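The same chain A turns up in both complexes below, where it pairs with chain B and then with chain C.
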Partner chain A sequence: MFSNTLKKITIWVFFILIILAVWAVIIAISGENPFSAFGYILEGSLGDTGYFLSTLNKMVPIMLTALAVAIPSWAGIWNIGGEGQLLLGGFGAALIGFSINLGSSFLNILFALIVSALFGLVWALWPGYLKIKLNVDEVVTTLMGNYIASYFVLFLINYPFRDHSSPMAQTKYIDSSFQIPYMFRGSQFSYTFFIALGVVFIFYFIIRKFKFGYEIRMTGSNPDFSKMSGIKTKKIKLVSMLMGGAVAGLAGGLLVLGMNHRMMQSFSPGFGFTGLLVCLLAFNNPILIVFISFIFAMLQTGSVNLELFSNVPAEISGLLQAVMVLFVSAFKIISMRKGGK
Partner chain B sequence: MFDEITTLYTTTIRMATPILLASLGGALTYYAGIVNVAMEGLMLISAFFSVVFSFMTGNAFLGILGGMAASVIFSLIYTFFVSGLKANNFAIGFALNILVSSLTIFLTRVMFVGQNVFNSPKIVAIPSLDIHTGIYFIDNYILNFSVLTYVAIFLVFLFSFIIYKTTYGLHLRVCGEKPKALVAGGIKVGYVQLIASILCGCLCGLAGSQLSLYNVRMFSRDMTGGRGFVALAVILIARGKPKYMILISFLFGFFDSLSLKLQNQAIPPQFALMLPYVMSVVVMLVFYLKDKKKLETV
Partner chain C sequence: MGPDFLGGAEVITIKDLTKRYPNGFEALKGVNLSVKKGEIHSIVGENGAGKTTLMNIIFGLIKPTTGSISVDDKEVNISSTGKAIEMGIGMVHQHFMIVPNLSVMENVVLGSEKDFTNFFGKIDYKSIKLKVGDLIKKLKLSLSPEDIVRDLPIGKQQLVEILKVLYKGPEIIILDEPTAVLVPTEVNDFLDFVINLKNEGKTVIFISHRLKEVFKISDSITVLRNGKTVGSYSKQDITRDEVANLMIGKKFDFNATPPKNEKEEILFSVDDLSLKGMMIKNISFNIKKGEILGVAGVEGNGQEDLFSVLTGDILPEQGSVKLADKELNKSTILEKRKAGIAYITDDRIKNGLAIDRSILENGIAYHHKDQRFGKVLINNKNSVKLVTGIVEDYDVRGVKNMKTPVSSLSGGNMQKLLVGRELNNQVKLLIASQPTSGVDIAAKALIHDSFKELTVEGNSVLLISSDLDELMSISNRIIVLYRGKIVAEFKYPDYDIKELSYYMTGLKES
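Now for the complex of A and B:
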């Protein structure tokens, strides 16, 4: 028993070393010493309190968009639409933030976050509904949804909701009573991080401890058995899709209330797709999602530092992340086969 | 007025060509039992390397070959995971798409520091057919499109023949529907899928070349803009039948063309840009609704 665990750990340490070696090769090809490059990445992501806090900040949208893929994925349905849901959620929060006031800051923030989740939910509703009613492929519809949402939000911030005092296409700032306060001076780190972390753990418990979570998992892993045992699989699939959309929308809301304080052009550098990679790498496991979001956030903040001190562009972070997903998928399959024998 | 219709028509053909090429390639893996979600990445990697090779050699044909080679390599990686390792095709497909998206922009920025576009007068474009008869209709409506447009139309017939009339085509069709029957007949599923994926790589390669060496003459970040998934929608709607795919590709090409035209009009450009994506969902919906009615009557 013990030796078996030890063996597993050895194998995974070996895998991690292989991934690091592949990363080193990629960096070397782009003309930089891998060791100094890793140094710049580590320094730029964990080097001091400021860097560390901005890494944690980066985790917020990544964790939640990963969860937005994971929840529907448990029920056996794909949500590739996290990017569009995040953008609409962000706009929803901004819209509430500059147009109404409920009197108390707590109520304001709560209401804006609920609206952002609802905006995301609506954007998951139609692909989910088309899937369960007509079996229209949800991968295509959610992906097309990203483009539609992204152009629609661009229209909203360019025309009806544009702040005309600004040369850029963006909305007005939200009222200060909507802002989720920063926790430290000189850093954008705010309570949003703990809200996001809390949401991940809530879903962790729902999926593990509740009857509803059990039904979601059964729908995904064994649809025929679920149907026979009376689980309404279509309803479960739709509800899990809606939850995914709501979580991605919430990510957008948290970005607006906790960081940007307005909706703007190039609001997301592709958080939805980073989240998708994280979810693939974490095999839908919420705890692993937190862990891998941290690594990916490190790569993203660290590679900005890398670009400052070398000729390697910051885009390398996406490359390293995707390569990691491919290698880990291969390792997982190979190690499972070995384990089976 | 008449000129405008001509422009709309020629743009339709131009925009439909990459969708048709990619959907033909994806149809082969679709028959072989793999719903190919990596086409977006295959087109993008080819679009990039077509430009690179055309830039380096000054020859559009070598550009196309370079793009195809890159696309075939990535198609083989995809097949290695999906067919060889039995990994989830969606997971690997999306990982590859994101890999290609980062890789191409990374390489662009390594070569041209700080830029998101690979543009140079040294890039040689794919030639048009360039035959002039002097008759307006023939010159503008039949001749003088990209060489690859004619290749694509030829391939529709070739593929119909391969899929329905050859032994490989038979294996291919059995492969997706009843893989066990194939194994019982002594044919390896992996082998059939491998051939399909190499051909799919070639075709998505051609599609990418058409995008970056004909429709425009440069590479820009994520320039495929979801066309790999439009091609997937074409395959799903047509159920992989080449003669339907040609019609639906031209329909989507028309929406692309209309979108380009409307961008210069009085409406906000975002709605024009949104149009092809909205329409691809609408068209899918219409066909699935029609199918549902058919199922109910049966």
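Now for the complex of A and C:
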């Protein structure tokens, strides 16, 4: 047992070294000393408290959109619609934030977050329903749903809900009573990080310990058998899809209440798709999702620094992510082949 | 020319072969085997005795830990299946490895299609047809090269699988449980075919659970138990019962009879059940309390649809299904289970277990609906207690840890886990479809005993099986399904295997 764990760790360390080596080559080709480039990335993501906090902040939407893919996939259904759900969730939170007031900041924030989750949920409802009623491929509907949601939100913030005093397509600011407060001076880091982390752990707990989690796992593993065991597999699939949508919507809500304080054009640089990648790399495992989100967040925040101090463009971080995806997929296939005797 | 070589040259000699997996599991602990040219050599043993591991080693799929293999008296290292084929070894696997959408000839040449491709990459189907057709003629098979495999009955698909192997021209042919999927009528034809192979001068290594078949065709028999060779015998020197006892290592009762727990009261009744577009027409039958009712029939005569209707997976158009006067025709499977019906499905991998989940998770399926296992959270203590009980009571072997996936168990042990889980409920009626397919003698006896025990308290069993021996040894009554209708009914002890098969194949109709 012990030697087996040791072996696994050795493989992973070896594997990470290979990825770093390939990264080094790519950076060297773009004309920079790889070691100093890694130095810039590390400095820009972990170098001081400010950098570190913005890395953690970056984790919030990545972690949650990854979870939004993971929950349905535990039940054997795909949610590629995290991006659209996040945008609608963000809009929902903004809408509440500039139009009503419940009197207390706590209630306001709670209500806005619930609404953001509901908006995301609704955007997962129709693909989920079409899947279980008519067996419409959810990969197609959720993926296409992203574009519908994205243009719909764009319409909303351009026309009915546009802040006319602003030259850009964005809504009014939310009332200050809706803002999730920053924790440190000079950093946008707020309680949102802990809310997101908490949500991940709640679902980790649900999937492992709850009866409902058991039914999700069994449905994902063998739906025919689960049905024979009296599990309502269609309901399980639908509900897990809705949960995924709600979590992605919540990600949007947290971004609005904790960082941007309004809904705006180019609100998301594709968080939903980054989340999808993270989830795939993490083998749908919530704990791994946290760690891999951290790595992605590091690369994204660190690459700004890299661009600043070297002649490597920031886009290179996208390339580095792609290399990682490539290797992990290859690794996954190799270990799968070995697993099946 | 085959018989002349009997007692002659050894084509495969195996000495002190062992196989230990990295996790410490020893699949083979010292196997010796010597196969002579031109003979049919059967390897028998319980599930998990190491038969398939041994064959996979000979075919180059698995590497042995220690020991030696010689082919034609030369020690060899069979490092890949390619090497094995080069040495003239071919293997027909237990599970089909053919492409259903392709024709017979396409399947046969798949992988060597380059031999029939011209410079431009065009495949010359004419010469493929000619060549495969010749092979079919030579082997006297009733196949046509252009038949689509999907449309063929299972028995013929099996032949395609073998044809594919024979096409490569092996001298030594390994058949791993080839008759497991065949119905009784197909088995005899198949055994004739195997004998024919021997007459062609080929050497056959035959793996089977079914001693009747083994004794019909073998020249020699090697018995494996727990990864070790127990002995090798000439067929003349040993009896069936002796082999069976060697396999399981203890005495065994072969003259099983049905239990005598029938009561007058009717427990379960099916009345005028019909399904349009399906194989079921006006089916009616009763099961008394404490009775085991067998359903016989050649595969594809409505058994699958009957099972689906009784689970609630398909809703019938007309008819009624009653358990103790409670109408269950339109109920969901959950309601049916709550009313006291348990199910053993015919395919444990497809819908009887979730094999990549743990033994614990599989053991509590459906039980988890009970409050004992918690309202919101799963009660781990009770779950472990339940599954530990099942593992002990039903002798599920190879369980290292409750958290290991079910896929680490052998087929027979998976089935015991499944049966144990289903019978651990408050069962009034058990509906079992092929409950002992691919299961060794000891496990089969254990499963049959558990069925009989169920009847002691007045509970009943509906047993759908294509194994006539199984049906006749434990059923109080047998009904025969032919083309979706019940065509005959037999009552113990008036079972006549000939009469039964006449009705099963439609030679006689009521």
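Definition applied: the second predicted complex is superposed on the first by the 333 of 341 C-alpha atoms of A that agree within 3 Å, B and C clash if a C-alpha of one lies under 4 Å from a C-alpha of the other, contacts with A are read in each partner's own complex, and residues count from 1 in each chain.
Keep this in mind: contacts are C-beta pairs under 8 Å (C-beta built on N, C-alpha and C of every residue); 3 or more make two chains touch, one makes a residue touch a chain.
For clarity, every value in this text was computed on a predicted model and none was experimentally measured.
Applying the stated clash criterion after superposition on chain A shows that chain B and chain C collide. Using the contact criterion defined above for the overlaid structures, shared-chain residue A:Phe14 touches neither chain B nor chain C, since it reaches no partner. In the superposition on chain A, A:Met218 makes contact with chain C only, not with chain B.
After superposition on the shared chain, chain A has more residues touched by B, the comparison being chain B against chain C. Shared-chain residue A:Ile80: touches chain B; no touch with chain C.
Residue contacts after overlaying the shared chain place A:Ser30 against chain B, while chain C stays out of touching range.
Within the three-chain overlay, chain C meets chain B in a clash at only one of the listed stretches 80-88, 98-106 or 350-358, and that stretch is 98-106.
Residues of chain A that lie in the contact sets of both chain B and chain C are absent, per the superposition on chain A.
Of all residues in chain C, only 22-23, 62, 311, 313, 332-334, 337, 343, 345, 350-357, 361, 364-366, 368-369, 373-378 touch chain A in the complex they form. By the touch criterion stated above, chain A contacts chain B in their complex at residues 30-31, 78, 80, 130, 134-137, 139-141, 143-145, 147-148, 151-152, 154-155, 158-159, 273, 276-277, 280, 311-313, 315-319, 321-323, 325-326, 329-330, 333-334. Contact residues on chain B toward chain A in their complex (touch as defined above): 37, 77, 81, 85-87, 90-92, 94-96, 98-99, 101-103, 105-106, 109-110, 113, 225-226, 229, 232-233, 236, 268, 270-271, 273-274, 277-278, 280-281, 284-285, 288-289, 292. Chain contact summary for the complex, chain A toward chain C: residues 4, 209-212, 214-215, 217-218, 221-222, 224-232, 341.
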